[in-house]
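Scrolling down, you'll hit the structures one after another.
Below, chain A partners chain B and then partners chain C, in two separate complexes.
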Partner chain A sequence: MYHNRLLLLGALCLAAVAAYLFTGVKGSLEFALMFRGKKLLALLLIGAAQGVAAVMFQTISGNRLLTPALMGFDALYVLILSAAVVVLGAPAYQQLDPGLLMLVNATLMSGAAVALFGLLLRKSAADMMRMLLTGVVLAVMLRSITGLLQRVIDPSEYAVVQAASYARFSRAETDLLGLSAALCLGALVLAWRMRHRLDVLALGPVAATSLGEPPLRGQRGALLLISILVAVSTALVGPVAFFGLLVSALTYLVLPTHRHAILLPGAALIAGLVLVGGQWALERVFAFATPLSVVVDFLGGLVFLLLLLKGVNR
Partner chain B sequence: MSRPALGLLLLCLLFVGSLFVGATPLVPADLLTAEAWALIRDSRLPRAFAVVLSGAALAIAGQIMQLIARNRFVEPMTAGTGQSAMLGLLLVSLLMPGAEIGVKMALAALAALLGSLGFFAITRRLPPQEPLLVPLVGIVYGGVIGSTAVYIAFQIDLLQYLDIWMTGEFSGTMRGRYELLWVAGGVAALSYLVADQFSILGLGEAVSLNLGLNYRQVVLSGLVVISVVTGLTVVTVGAIPFVGLVVPNLVSRIAGDNLRRSLPLTAMAGAALVLASDIFARLVVHPFEVPVATVIGMIGAALFLWMLYGRGQHVS
Partner chain C sequence: MIEVQDLSYRIGTARILDNVSLSLPRGGILALIGPNGAGKSTLLSLMARLLPLQQGRITVDDLEIGRCDDRDLAQCLAILPQSVQAASRLTVRDLVGFGRYPYHRGRPGATDRQLVEEGLALFDLLPLAERGLDTLSGGQRQRAFVAMTYVQDTDYLLLDEPLNNLDLAASRALMARLRDLADRKGRTIVIVLHDINFASAYADRVLVLKGGRLVADGPPEAVISSALIETVFETDARLHLVEGRPVVLV
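The block that comes next holds the complex of A and B.
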């Protein structure tokens, strides 16, 4: 069931990867491969992280419109980062090992996310519109607090934070690649092992409980994995508002199933395809100067509107 | 003392206080020197007026939009009107760079009007039993228009302009550079003349028609007020979110929905909120300042969440 489609997606993804690596090379292929290889790896990691996080979040919230980014996960990450710079000061902050910093950030964020969003999921899971609105407004608030902190610090400190606050697929931070890959793969493996539990959780808290799957524990575990995945992707490229939504919508379009054994790898592949293919098309085919994130946000916003209106009329 | 008088007193205090806050130190004792007067005339007084005018006008625009949409959770800045104004302004700067400032403003307001017409065209199709869907659609609709503007600005290297329009702040307000806000304030004040008609709008189309209201005409005039206020505010000081959302809600909780009574209160409360936020924005990193939109983003979002979850649950 749908395995053929997964294989097809994999093949398309490979084709995009090959196109990205080998087209338009001027000069030494070896150098280009080394340079592009890192970026490619970053793009694939981000794609897998965002896609899987979005699908998991939609499962535990029982809502196909929610994504971690819409609920302000990445805003939380940037806020923690800015707060760290303000508290420590830029010199002390920059002397810290970036890998360690990312780990600490990811830990803090997981704690905050589980506390905050876990509470939200429990309190208002029944009223989906209220929850969505809360998430959107919460994201605005987190961004405003971050904005305030960033204005309060001086310019040299600001430069440290700035890198994390804007999405840029073409200039992913490749220094942290090794650690990010390890974290991300670890989280992805755990997510994969949760796939059957996610299937059960998707039935809703009542059915899950009667099937012997405590929903609260599952939610918490999933939220933990989601915040690690989002933290990694935000550390690499910065916040991307509608990307997760675009990917999950495409995933459910291509793979109309409820089985996470299919959905999770499908989402990762589609996200990789969109990112690598999109980056390739923008860079080499159209020679656009526009960042991919702007295009993705635009398309994702449209998809969101369509889903909202369609979901209402159904 | 009655509530309006109390509000007016508070507003006056804030207004006078704001004259003495800024990078250049100024205490009341200095007032006798010519320099101090020049400072007040050229910078402090225009700034205070700009803050009061935009706060009051935005609050009124928000109130009218909520009545037309019959939904307490919408406001122009987040529902596409502000973003449309930016997009229109961007297109005007691109296509007719030499146009007079008045023409630019008019076209920005026109774009804002088209944007709000589009918003209402979408919301009319939403089911009435899902009131929270309307603001959500508005936010995303605004986001899509905004990202179109970002795309165009990126292509023609005007991203910096857009940044200025997107985060409202008053630091650049001087004599000669804010006067258009009087027009926004004037338009908002004019809406008081048709306050009764707007109140009836809030009862819905069927009731309005039944009461003999020219529904379309009143809606259209409301949209014009919203668009002019939003367009002019975006152009002169940039977008200020949440004022049009939070203030009308808080005021209607105290004073009810009869605009003839509540509209002056709404205007005063809007002005006071922006004024207080602006004073805070100037003090928090004195002698520098943070954009007022950032401060209001925090306060407004907190108030909004409180409205959503706190005592205000009955409104949704």
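The block that comes next holds the complex of A and C.
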């Protein structure tokens, strides 16, 4: 029923990709394609990861206002990084293989996220406002602990951490691309295979239990995938606060269906479109006047306020 | 047969259920009644595996709750939800279609589709099939939920206070449909009711709980009495026999 819209989104996404790759090339096309190709791949990966993670999180929490970023998933990532710098010291830290670091960080984060957010979902899933508040307070707490750690370390160590604490779409860490792509695609495939289970989990705990899909197990599986997706995207560009919310809100607007077989690819395509199209517009049309993360967070923040004021939470 | 053995449940230091044992044979409508805080909903939630078991054992036919496969149990026992999330994006047909999920796990076949259409027809939902759930009245929505559990095709159906928020006509219509499911389809229906008059009118057997213990058990004419109202519900409402059926005057 919504397949046509999905195809249209795919076509728009392809158009954005083509525009990004082929417009405004000065000098060798081959060099430009290689350079841009890596960045493009990073943007598409981040988009798919953030979009799918946001939709999955909103499904298991039964709430259209929450996203992993608002609940402090990426804050957890930066905290783990900062703690590593403090414990190991900057020189040792910088000698670590970045790929290994990302793997270790993603593993730690998955464990912590499943423990922390699993508990939170279990204890306060019935009470939307409590969950939202707890999540936001948790995110602030994680960021504050990170801030404290960053204050006690010396300035050179701080510089190392700082690079990981801000979103930067134009300078995505392309060295980690291979590993990130593998992790991300693996998690996306597993998310796709969960699509029917997610449809059932979206009905709420009583209906899901009755249909033989116990919410606790589903939530744990989904949280694991979400934390891998967020870890990878945070490793590539740093934390992005409102991007997931912007994407999920657009997804439900364009594809008003309950079926995750449509919602998940839809969210990935919309996220890719926003990132690649936005980056193209900012680089080529506005000549880098504003970083994309600022625009995305501004729009995302606006959407968040609108949703909050309209009282949309289901 | 649902068998409950030595079931206890605590929240903090409060004993909600205290060594409850009972066995519910197949067939008919079994009503759980009792004052507020008696443990009726907790007992039903434990049977429905909505709460984790703390002490005791519950078996449904040869499946033990907490040990058996969730998919097997979903083909044997259904729970009526009072509401669903994402209601704004679901049509009645979508919702009823979910009833077949335990069998097809997301890939409905021709038989599944046919059973869903039969369910829609049986519950007079065909004219509403394409409507969004959030555009229905409370009674219509409840009917769609019952249709979903009907197509799930389980021997047992558990309902926790389904008459909340329903008016008299919708309440009677729902109970009549449940009566019909029990009589003609041989389903076993376990239902938590607040209104004793509904239990007396529609149930084959009532189980009375108080303070986490089972205090009476039997057909409504035998169990529901002035003494029960006084000792269990601790109020002095009068009871009359109307057409051979006990009726509480409120």
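As a working rule, the second predicted complex is superposed on the first by the 310 of 314 C-alpha atoms of A that agree within 3 Å, B and C clash if a C-alpha of one lies under 4 Å from a C-alpha of the other, contacts with A are read in each partner's own complex, and residues count from 1 in each chain.
Keep this in mind: a residue touches a chain if its C-beta (ideal position, glycine included) is under 8 Å from a C-beta of that chain, and two chains touch if they have at least 3 such contacts.
Since the model is a prediction, treat every value here as computed from it, not as a measurement.
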*Mind checking the superposed model to see whether chain B and chain C fit together on chain A or clash?*
fit
*Check the residue A:207 against both partner chains and state whether it touches chain B (first), chain C (second), both, or neither.*
second
*Between chain B (first) and chain C (second), which does A:94 come into contact with in this model arrangement: first, second, both, or neither?*
neither
*What angle, rounded to a multiple of 10°, is defined by the Cα centres of chain B, chain A and chain C, with the middle one as vertex?*
90
*Where does A:151 make contact in the superposed view: on chain B (first), on chain C (second), on both, or on neither?*
first
*Look at the residues of chain A and decide whether chain B or chain C touches more of them.*
B
*Identify the partner contact of A:133: answer first if only chain B is touched, second if only chain C is, both if each is, neither if none is.*
first
*Could you say whether A:199 touches chain B, chain C, both of them, or neither, answering first, second, both or neither?*
second
*Of the two partner chains, chain B (first) and chain C (second), which one does A:107 touch, if any: first, second, both, or neither?*
neither
_Quick check: superposed on A, how many Å separate the nearest Cα atoms of chain B and chain C?_
15
*Using the superposition described at the top, list the residues of chain A that contact chain B and also contact chain C.*
none
*Contact footprint of chain C on chain A as seen in their complex*: 62, 195-197, 199-200, 202-207, 209-214, 252, 256-258, 314
*Name, in rising order, each residue of chain A that touches chain B in their complex.*
127, 129-130, 132-134, 136-138, 140-141, 143-145, 147-148, 151-152, 241-242, 289-291, 294-295, 297-298, 301-302, 304-305, 308-309, 312-313
_Touch list for chain C against partner chain A, complex_ = 48-50, 70-75, 77-90, 94, 98-99, 101-102, 105-107, 148-149, 152
*asked:* Considering only the defined contacts, which chain B positions touch chain A in the complex?
replied: 73, 122, 125-127, 130-133, 135-137, 139-141, 143-144, 147-148, 150-151, 154-155, 167, 241, 284-285, 288, 290-291, 294-295, 297-298, 301-302, 304-305, 308-309, 316
